Amino acid sequence: EPKRIALVVKALGIGFFEAAAKGAEEAAKELGDVEIIYTGPTDTTAEGQIEVINSLIAQKVDAIAVSANDTDALVPTLKKAMDRGITVISWDSGVAPEGRMMHLNPSSNPLIGNMIIKLAADNLPEGGEVAVLSATTTSTNQNTWIEEMNKVMGNYPGVTVVGTVYGDDLADKSYREAQGLMQTYPNLKAIIAPTSVGIVAAAQAVTDAGKIGQINVTGLGLPSEMAGHVKSGASKSFAIWNPIDLGYSATMIAYNLANGTAKAEAGAEIPMGRMGSVKLDDKLEGAMADPFVYDASNIDAFSSIF
Amino acid sequence: MSSLLKSREAILALAILILLALIASRFPGFVSPLNLANVFTDTSPLIILALGQMVVIVTKCIDLSVAANLALTGMIAAMMNGAGVPLPLILLTVIALGATLGAVNGLLVWKLDIPSIVVTLGTMTIYRGIIFLLTDGKWINAHEMTEGFKALPRLIFLGLPIMAWMAVAVIVLTVVLVRRTALGRAFFAVGGNAHAAVYTGISVGRTQMAAFVISGALAGFTGYLWVARYAVAYVDIAGGFELDVVAACVIGGIAIAGGAGTVAGCVMGALFLGIIKNALPVVGISPFWQMAISGAAILIAIAFNSRNQGPKGRIILKKAEHRA
Amino acid sequence: MQAQPASGTTPPVLSLRGISKSFPGVRALNGVQLDLFPGQVTALIGENGAGKSTIVKILTGIYQPDEGSIAIDGRPVQFPTAQAAGDAGVTAIHQETVLFDELTVAENIFIGHAPRTRLGLIDWAAMEAEARRLLTSIGANLDPKVRLRDLGIASKHLVAIARALSIDARVVIMDEPTAALSHKEIHELYELVETLKAQGKAILFISHKFDEIFRIADRWTVFRDGQFIAEGHITDVTEGQLVQMMVGRSVDQIYPKRPARIGNPVLTVSGYCHPTEFEDIGFTLHEGEILGFYGLVGAGRSEVMQALFGITKPSKGACRIGNDIRVIRSTAQAVEAGIVYVPEDRGKQGAVKGLPIFQNVTLPSLSRTSKGGFLRLSEEFRLARDYTQRLDLRAASLDQDVGLLSGGNQQKVVIAKWLATRPRVIILDEPTKGIDIGSKAAVHDFMSELAAQGLAVIMVSSEIPEVLGMSDRVIVMREGRIAAEFAGDAMTPENLVRAAVGIEEGEAA
Amino acid sequence: MTTAPQATGRQIPDRLMSPTRRALKSWEMLLFVVAVGIFVANSLASPYFLDPWNLSDASFNFTEKALIAFAMAMLIIAGEIDLSVASIIALASTAMGAAMIAGAPVPVLVAVGLGTGVLCGAFNGLLVARFGLPSIVVTIGTMSLFRGLSYIALGDGAYTGYPAGFGWFGQGYVWWVFSFELVLFALFAVVFYVLLHRTNFGRAVYVIGNNATAARFSGIRVDRIRFMLFVLTGLMSGIAAVCLTSRLGSTRPSIAMGWELEAVTMVVLGGVSILGGSGSIPGVVIAALVMGLVTFGLGLLNVPGIVMSIIIGALLIGVIALPRLWRMLRK
């Protein structure tokens, strides 16, 4: 009887999650007795995810690893899943502690917060105005990273964040918001978009406005989607962790917890196969790895992978 | 002159001017010609779709499937581009495909006599679903599109991008259609009084079908523009946009009960929404206000339109006839 | 009288043979024939509901006949759409003015065949000029650019006439064209008919007014109950003979008016005004009285009645019901006060099609048949059965959909619905319009009976024999005002018509 | 000579058609067969389907939407529509959140939720019934307005930390597998059945939907009834807001996004004519079950949500088109 592990994502079809699913399959192959159910709602809503999770509970899967659309709204349903003996972890975008056994951050939040502002500041020796283009107002991890970023702003004198706007992870809205930023702040030097949809839209908007070289777009994105913009110069550099590794690690953790080979408690070290192991803090969260920076020098090597 | 001031379109134009003045008082840059041109360009898809929707609403129907149609044709355009099909052929295909999707709506309304709101509620989910079936939900991103494909809407011609010129062209064509062709006038006849239309030899079902085909063709065309402009195609593009389109028509004074409405009103309704959407982030009003403001604008517009309709009742007294 | 062969030498332009047409529950036409000759006016005569308008609609492609053939110049033709009929040279002024309120006068005239520019686009300037010319030719002084919504019924009717003339036709059909027109406009129409005759067009003229039939018609055809009765030359017939053929029996039997005791005033109306519909309406109604309201179509009688019933609000005026002075603000208040209204437009305002008969009947009486707001079907059924039986309703069952009943039976359901509320005043607006002779008699009988029981009745009617036969007193309305009131010996057809069309005493009719 | 037909004509039968005969010929029957078919297919397709707890969990997919659909059905039968229901949920949920932050106890929270629903419904009703504006455009406007207000209040924030007792409405069980929501669904199915099919009010709703003019000409207070229907729909949205907020344990402005169309779909699938005048509550109940069964059954097979919506869309058109096609072919 193979273990059935469900990888629940924010919405089907997003490149980042497709890559994570690849990682999950890789882990399944490595483990041998694992069946992956890759699923999620059609649009990024909590209600949709709840319906999906309900049907997973009904199928009595062994573990659910979820990247949540809403920190709180999934809690009651996930609690029910745990009550029925299902292992529940969150990864990428977290669930409140009551709703999961542990959470796997792609990287540590302070590191990401620092990384996104550093990427912008490195190209602004003189300092200048930067703005943030985020995903939806309710996206947990973007909000955390922006918070962490604001904490370290003191380390980058001369760089000021003039505004934060939300593109809802919709290409057209992000595009329009980026345009709005350029009009509102004529002296804007950089747009930080810590979301893979937003960064592409912002780069496109900067290109269309003819402001390549004047405004640098940076943040978190996928190499395959950003390759063109790095080459055109709209984006000098950006960062991301490897989503394949993330899906792989989440699956490994879920397997180990479901099997009883590891326990989710503060201070525990949970093995993640080839990714080593993750150490849980007292909020039962752990970080997978450092984000990795992509620029013109290495983009080609990665753009064909994810 | 006084009748000019009373007309719905003039008041809407005035409202737009006041809106612009208000924005300009906080952010003068917004009313620079360059930025206004940008706003117009941004609003172009809304204008084009609203004109198609107007034709449908005038015939007393509604088309809720336009956004899904746009998404599907846009995706097909992106996929054809990926397969190396030349751009002119892509354009022809999206328009034809959009028209076909519209014709499906029209046929169901005409031949099976199913209310248009039910038909398009159903086809809206079906058309979007087909995208998922075609792509497995995968996105087509900028780097997977050719430069030529992405460039067309952006090309600047006489100071305006082609995208904006397309909207202008559609406006002109629609004016000619509804004012100067028999089909255009038939839309108004059918929506105004279907019973009387039969007496004048106009086929109600066929006319409504024509309206759906036009709306569909415009949605198909916009599908290409949208995907090329934002350089991305996926299942959910333009999600919920059908309601913006209907709202633009409502603000523009297109009577939801059919039979009345003007191109000018419709275009201004779309511009009004477009300006609000573009201006809010610029003026520094929290984007969270945007939804409530457009809702309030719709309510004010319809309250105003109905107030403008004059006294009800038959005109029997001689002295009551012809009042201006 | 037999169907005679066509007059003299000229063959008919248009001829119909064996035409039948049925609607659910009604056989509107049953194997009728009709011939129209160039340069001649044929009058089509028949009672309400005889099938006259139905034949017009068949000739203009709006209805398809169930059986029978149409021939133009001896060649069989078919009119699947109104367009086809127009192309074949048949044009009509329909009885109801079916036009587009939101479009301008010029467009209403030309929709479907507007003048085009060389590019094939509609030529608005030419259209408006042409419309102006057409309107002037029929003596209508209307601005082609005005929206139709802003016109009164008479002006709308003139637009409909202009529309019919805008099609270059060989056959012109006029279905009661003068019913909505004033004196002056009627005369212009007569001149127009002469002009068309001179141009060699064949004209079908439908009218209930014998004076105008004898004035302009060359030939006549009579229908009765959907059947062809006879045809002939106008010179060979008298009015009495025509009536005899139309009705199928002698006329005065129809109105079984019983003498009733006229009692105290129940309803006094004074100074009712409305911005567009009527002005300065005042009268008193007594127990046991039948008060007739006569006028031309569109005189505003229905509007006054609807104001009394609380559908519209008068801008001025008050009424006294029994001893209370009050303004009725809603129909619910009117029903409470004991005033009920049987509307003229049965389809839209009277019957609720889609609901069963018994639910229609009990609609305003639900508070009596229900208990604590909950329906009691058995009570409803009992009430509905009582009243529908008294009106001799014909139906398969009481939970049959009202929409499937014939017009007359629908009317009975609507009357039953109101009688079941046990009112003090009942207003009947064209109570026998479009219903067959048998039902008509039943309705008249019932009206007399009600009056005899002390109910006050207002009867709005456009049929002079009905008004004269049933009423104790008659009020005549013209263009939204009360023009005259007649009682006793002054109640003559001449007086009524004079007052209705606005001819002064002494002026030649 | 024509003579008046004699009074001794056909006799009208002395009673109405029996309810069972009527039911057997109805749309509800067709839908019921569809529902049974789906149930059987689901049981065959997945071993997990026939499990009381699973079925109980599945009921959450439709109960809240169905509560709205009941009121929406009456509104649509009366010839109106309310597209703002989902936005009313958002606003009511936001109001409850604000009350919760202010320290209100559970009963007050519920009252705030229902009260907000009623107020929103009254606002719609006022615009439609009092000012005579078309309900479809009014509610497209209030759909943006109500949710917009919720965005203004909450922005990117969320209200969390509802008191423990509050969770019962969306997560509690009355007895065994019967959740509070499921019981509420059954209860309101009965209440609305009685209201629509057994009271004067319900009769008036049908009359207005079939012919509003004739209704007014029959002494029915048309505008008042329209107003009350909007208030009722607002109230039901408020109840749905309480359940959903309780189930999610949090409030965000994007809550219940898109539900208005799902509720309308449920109503139309239930055989209610979108043009007004006909339809029934049993039909809507079965339609709710059909939609719930389809989504749950396909969910067990891990079919993506969008494929389910294609199926629902096709079902919507198909179920309406088939009888018409059938009639056309027979002619």
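Going by the order they are written in, the chains are A, B, C and D; count residues from 1 in each one.
Following the convention adopted for this analysis, a contact is a pair of C-beta atoms (placed from the backbone, for glycine too) under 8 Å apart; a residue touches a chain by one contact, two chains touch by 3 or more.
Chain-to-protein mapping (UniProt): B = Autoinducer 2 import system permease protein LsrC; C = Ribose import ATP-binding protein RbsA; D = Autoinducer 2 import system permease protein LsrD.
From a predicted model like this one, the values you see are computed outputs, not experimental measurements.
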Most distant chain from chain A, judged by the mean position of its C-alpha atoms: C
Chain C and chain D: spacing of chain centres that average the CA atoms, whole Å: 44
Whole-Å gap between the CA centroids of chain B and chain D: 30
Inter-chain centre distance, chain A versus chain D - centres from mean C-alpha coordinates, in Å: 38
Shared-contact residues (touching 2 or more other chains) in chain B: 132, 137, 235, 288
Numbers and ranges of chain A residues touching at least 2 other chains: 12, 42, 137, 166
Interface hub residues of chain C, defined as touching at least two other chains: none
Pairs of chains, among all present, that meet the touch criterion: A-B, A-D, B-C, B-D, C-D
Residue numbers on chain C that touch chain B, as the complex places them: 60-62, 81-86, 94, 98-103, 107, 111-112, 114, 120-122, 124, 143, 146, 150-153, 155, 274-279, 298-300, 303, 312, 479-480
Contacting residues of chain D [partner chain A, same complex]: 46, 48-49, 51, 54, 57-58, 60-61, 155-158, 160, 167, 170-171, 244, 247-250, 252, 254-258, 295-296, 299-300, 302, 304-306, 309
Residues on chain B engaged by chain A in the complex (per definition of touch): 27, 29-30, 35, 38, 42, 132, 135-139, 141-143, 154, 226, 229-232, 234-239, 277-278, 281-282, 284, 287-288
In the complex, chain D residues that touch chain B: 127, 131-134, 136-138, 140-149, 151-152, 154-156, 253, 258, 261, 264-265, 268, 273-275, 304, 306-307, 309-310, 312-314, 316-317, 320-321, 324-325, 328
Complex interface listing, chain B residues touching chain C: 176, 179-182, 185-186, 188-189, 192-193, 195-196, 198-203, 259-260, 311, 313-318, 320-323
